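So the structure is just underneath, and the comments pick up after that.
Note that the chains are named A, B and C in the order they appear, and that numbering of residues resets to 1 at the start of each chain.
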Amino acid sequence: MSLDKSTLKRVAYLARIKIDNSEIDKMTEELNNIMKWVEKLNEVDIEDVQPMTGVSSMTLREREDKVTDGGLEDKILSNAPEKIDGSFTVPKVIE
Amino acid sequence: MREPIKLKGETGTWEMVIGLEIHAQVKCKSKLFSGSATDFGASPNSQVSYVDAAMPGMLPVINSEAVNQAIKTGHALNAKINNVSIFDRKNYFYPDLPQGYQISQFKSPIVGEGWVIVDLGKGETKKIGIERLHLEQDAGKLMHDQHPKLSLVDLNRSGIPLMEIVSMPDMRDWEEAGAYLRKLRSIVRYIGSCDGNMDEGSLRCDANISVRRPGEEFGTRCELKNINSVKYMMKAVEYEAYRQIEIIEGGGKVLQQTRLYDPNKNETRSMRSKEEAHDYRYFPDPDLLPLHISAERIEKFKQELPELSDQKRERFQSEYGLSFYDADVLTADKKHADFFEVVSKNRDAKFVANWIITNFFAMLNEVEKSIENSPVKADQLGELFDLIQDGTVSGRTAKEVFEEMFTNGGSALEIVKSKGLKQISNTDELEDMVKKIIDDNQEQVNKYRSGNEKLFGWFVGQAMKNTGGTANPKVVNEILLKLLKG
Amino acid sequence: MTKITDLGVIETLEGLKSKEFSSEEVVSEYLKLIQSDSKLNAYIHFNGEKSLLEAKKSDQRRANNNSLPLDGLPIAVKDIFCVAGEKTSACSKILENFIPDYESTVTSKLWQAGGIYIGKTSMDEFAMGSSNETSYFGEVINPWSSDGDALVPGGSSGGSASAVAAKMAPIALGTDTGGSIRQPASFCGAVGIKPTYGRCSRWGIIAFASSLDQAGPITRSVKDSAVILQNMAGFDTMDSTSADIKVPDFINSCSKPIKGMKIGIPEEYRLDGLANDVQNVWESGIKWLKEAGAEIIDVTLPHTKYALPTYYIVAPAEASANLARYDGVKYGYRSENIKDLEDMYSQTRAEGFGAEVKRRILIGTYVLSAGYYDAYYLRAQKVRTKIVEDFTMAFNKCDAILTPTTPTGAFKIGEKNIDPVTMYMNDVFTVPASLAGLPAISIPSGLDAKGCPLGLQLIGKGFDEETIFSIGSILEESANFKNI
């Protein structure tokens, strides 16, 4: 499977990373080289092998349903690039 | 058997195929993966932890109660609870999604297939399949009308636990879809896993709808997003079905898309902003291990499952001798059913059921109050029924007393006393009064005795009038019968 | 007289205990070096005032006879750990001015044990790199560089390794995802341990690849690492992947004999063209352990050659989601150059991330996207299972596995960053243990042809750091590696 320019554009859009047209050729080639290299994995027989879903064999720990957090609006917003009246702001979203 | 509604197009008859996805906010004190509160209506960003704001280095830890609620709901949907389920990341960018992914369950949900029986009126029911139920995080809220150029982001809802309940495409018209949604709401309220409040967004619904010629393959479906009332859902489905029929009959093709229902215009429109390249790239969340639920835990909640509306309705019919209709009305909402059971204890259940449905519910409806906010509580209403039963007040007076209780408060007995509404059942007292009526109206007495039996009612009326309606009509009748015989 | 900054963790703590010097003196000495460093660029941020204040408090505790286990010890921190009130950026422009209000579990435990924050060390941006060349704050130089021949310190914990090797810190914290503690430790002649996945809490550490990331110390001796890990490790309810397992006595295990232990030598690590210098150091290691009474046995890890490609699917996939939160909304950088919402995302992320980070996000997005998930991500997770099985089989026969840490010694700046895959090959020996979540330590054991350090790696069974500390101590003693 080769990664062509249009696929790269689609992936870049999904990842929300703008790529200049001048970069596309080089990036396509770079990523293609990496993808070709990882295709070595096709040699491995993975029939009936379970995929890894967690490094440990532990089971998920659950916490008690208690309110222990919140009331931090100032701290939550202290690093915000833009804010108004206790809310983060973004360019207007058109739904 | 009830036949589903079929739609008439230009070229023939069409059938609808409907499936619903319900998002129910899980009743919990804290969020799905953090310890911040879930209360409705708090000031912006005041119920947000560093986890909910996706601050760097923050990690999720699951709320045990959310898992319990999902298990209970699964049982109530007659569904299989999975011993192992997995949380996945659903990746997309949106300003209300601080992590850039939603933690959800994709391939391995906590609850598998199940079913519910929905009521279609007149005792008709239909079995609707449940495909799955999974746990996921809610997103934050965007506010668009507070600034001309900006949208504001409030993350209070971010991370609130939701259950997504997906039905099979088993519904064939909006009536069935409405009945299903009402049924699900009733179930989650019965077991207390969601407050079912659609106004506050605790219960939201997406509808998948397609049309087809009867018996043919499924057509292309459209998804109607975020509908917040049963009524709107039914209207949205109807509008959307006709829209699709019109497209197909006009030689066009229905495009698979996500659409928004506008209740003001009663129409659906395509959500352009969300239309582009969906590719959620689900994969197991490496911050969370697989969720294992022991057989004991599953069984425990099965044992503890409360009686649900279907079982309750059947019990009301057999235990109290109520009609299907009365039992159905009373059990649709658990709070109504509980109210009835308190009031009917040691009283005439059929009488209580009838009275509650015709008078009490009517009054609540009229003033748009829920049963929890009723000014007349169950024990107060019971007291009134006792006064009816022991003859202190007549049925008619009782309604007057109830209205007084409802609007101005006070106990039934106090109102009866202060307003002098106590029924006169004393035979001697009433006999004296009736004798006086007979003495004063000899002409009428003669007419009655010569065969005009209709005049009996006139005498009763006179007796009631003289006592301001407080005379016990039964006693009055007996006395009149005795004295008029002559 | 030995300088204070020549002392390691244990020696410094002994000096503080015997009141030979105060914490304030120790901290001042290190701060002087950090402030005057114009060569290595190992630190990117420090807060002398805060460090000295804490040092004074520590001295007070000692004076009052209620000192803590690490009281007064300066600790350098990789810029990936959130330290409350201190800039924490993972050396990325996108987080350049981010100041967390919270403290990572690991650093919090160290401060509670009396450790003194001395500064933030440089790293590859978001820990993505093997040479520290991707840091937004510039390259870090390996103190073993000779004049005019600047060498990389390795990565991603390059600043930490460089600082420890250059005696600008007795200990520096690192994180290891595919070798990010062990490889720079090897390049700089330091000891670095990646504990078992789940041993140290990940809470408050900026995530790169959640199923792989682990924190660990970089120090000048094995025992120093044991002392620090003892105070970092432990169960944390805030991290769902943290192991509720008692932390054993690591310090004690450093002086346990290894007689009769079985050391596995995996044939698959004898890569074609493994450099002679690396081969020689490995042979020496085998010889030393034999002399100490260990039994050397051959083991096989047949899927070793698939570990690196597996890693370069799994880690970028996880990273593509972990780094989605850097969107210009809640914190960090937002591009000035935006017209609408789409611009806010794509422009902010294009300007805020460096080339390697973008490359990995794109790969990660690609391998998870519709039509490619099964072929890449799912397949890689299945191969990962096979890699874990390899180790399980091998550990049925041996107590620990000995390999070189890296296929070469430190290389020149700019030498390998022309082609990504060439750079990725640096992690060929460290990645398998990462994928399996196993503990692994790198011990400086010899020199390469250029006279730069080479490390040997010991891989242990899950939650058995004790054995690799025991064996590591023997290697250290036999190698008698002298720092610069």
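Heads up, the rule we're going with is that a residue touches a chain if its C-beta (ideal position, glycine included) is under 8 Å from a C-beta of that chain, and two chains touch if they have at least 3 such contacts.
Since we're looking at a predicted model, the values are computed, not measured.
Enquirer: I'd like the most central chain, judged by C-alpha centroids against the all-protein C-alpha centroid.
Expert: A
Enquirer: Between A-C and B-C, which chain pair is linked by more C-beta pairs in contact?
Expert: A-C
Enquirer: Find the geometric centre of each of chain A and chain B from their Cα atoms only, then give the gap between the two centres in Å, rounded to an integer.
Expert: Going by mean C-alpha positions, chain A sits 40 Å from chain B.
Enquirer: Taking the mean of the CA coordinates per chain, how far is chain A from chain C in Å?
Expert: Taking the average C-alpha coordinate of chain A and of chain C, the gap between them is 23 Å.
Enquirer: With centres defined as the mean C-alpha position, give me the chain B-chain C separation in Å.
Expert: For chain B versus chain C, the centre distance works out to 57 Å.
Enquirer: Give me the residue numbers in chain A that touch at least two other chains, ranges are fine.
Expert: 10, 13-14, 16, 53-54, 56, 58, 60-61, 63, 76, 82, 88, 90-93
Enquirer: Two or more other chains in contact with one residue: find those residues in chain B.
Expert: 50, 53, 61-62, 91, 93, 95, 153, 279, 281, 286, 288-289
Enquirer: Check each residue of chain C and list the ones that touch at least two other chains.
Expert: In chain C, 98, 101, 211, 237, 240-241, 320, 327, 329-331, 341, 345, 365, 369 touch at least two other chains.
Enquirer: Would you tell me which residues of chain A are touching chain B in their complex?
Expert: Residue positions touching the partner: 10, 13-14, 16, 53-54, 56, 58-73, 76-77, 82, 84-95.
Enquirer: Can you name the residues of chain B that touch chain C in the complex?
Expert: Interface residues on chain B, with respect to chain C: 50, 53-62, 89, 91, 93, 95, 98-101, 153, 279, 281-283, 285-289.
Enquirer: Which bits of chain C are touching chain A when the two form their complex?
Expert: Residues of chain C touching chain A: 97-99, 101, 197-198, 211-212, 237, 240-241, 243-244, 303, 305-306, 309-310, 312-313, 320, 327-334, 338-347, 349-350, 353, 358-359, 361-363, 365-366, 369, 372, 375-376, 378-386, 388, 419-421, 436-437, 462.
Enquirer: For the complex, give me every residue of chain C touching chain B.
Expert: Chain C reaches chain B through residues 81-82, 88, 90, 95, 98, 100-102, 104, 202-207, 209-211, 237-241, 317-318, 320-321, 323-325, 327, 329-331, 341, 345, 365, 368-370, 373, 377.
Enquirer: Using the touch definition up top, name the residues of chain B that touch chain A in the complex.
Expert: 28-30, 34-37, 43-51, 53, 61-67, 86, 91, 93, 95, 142-144, 146-155, 260, 271, 273, 277, 279, 281, 284, 286, 288-292
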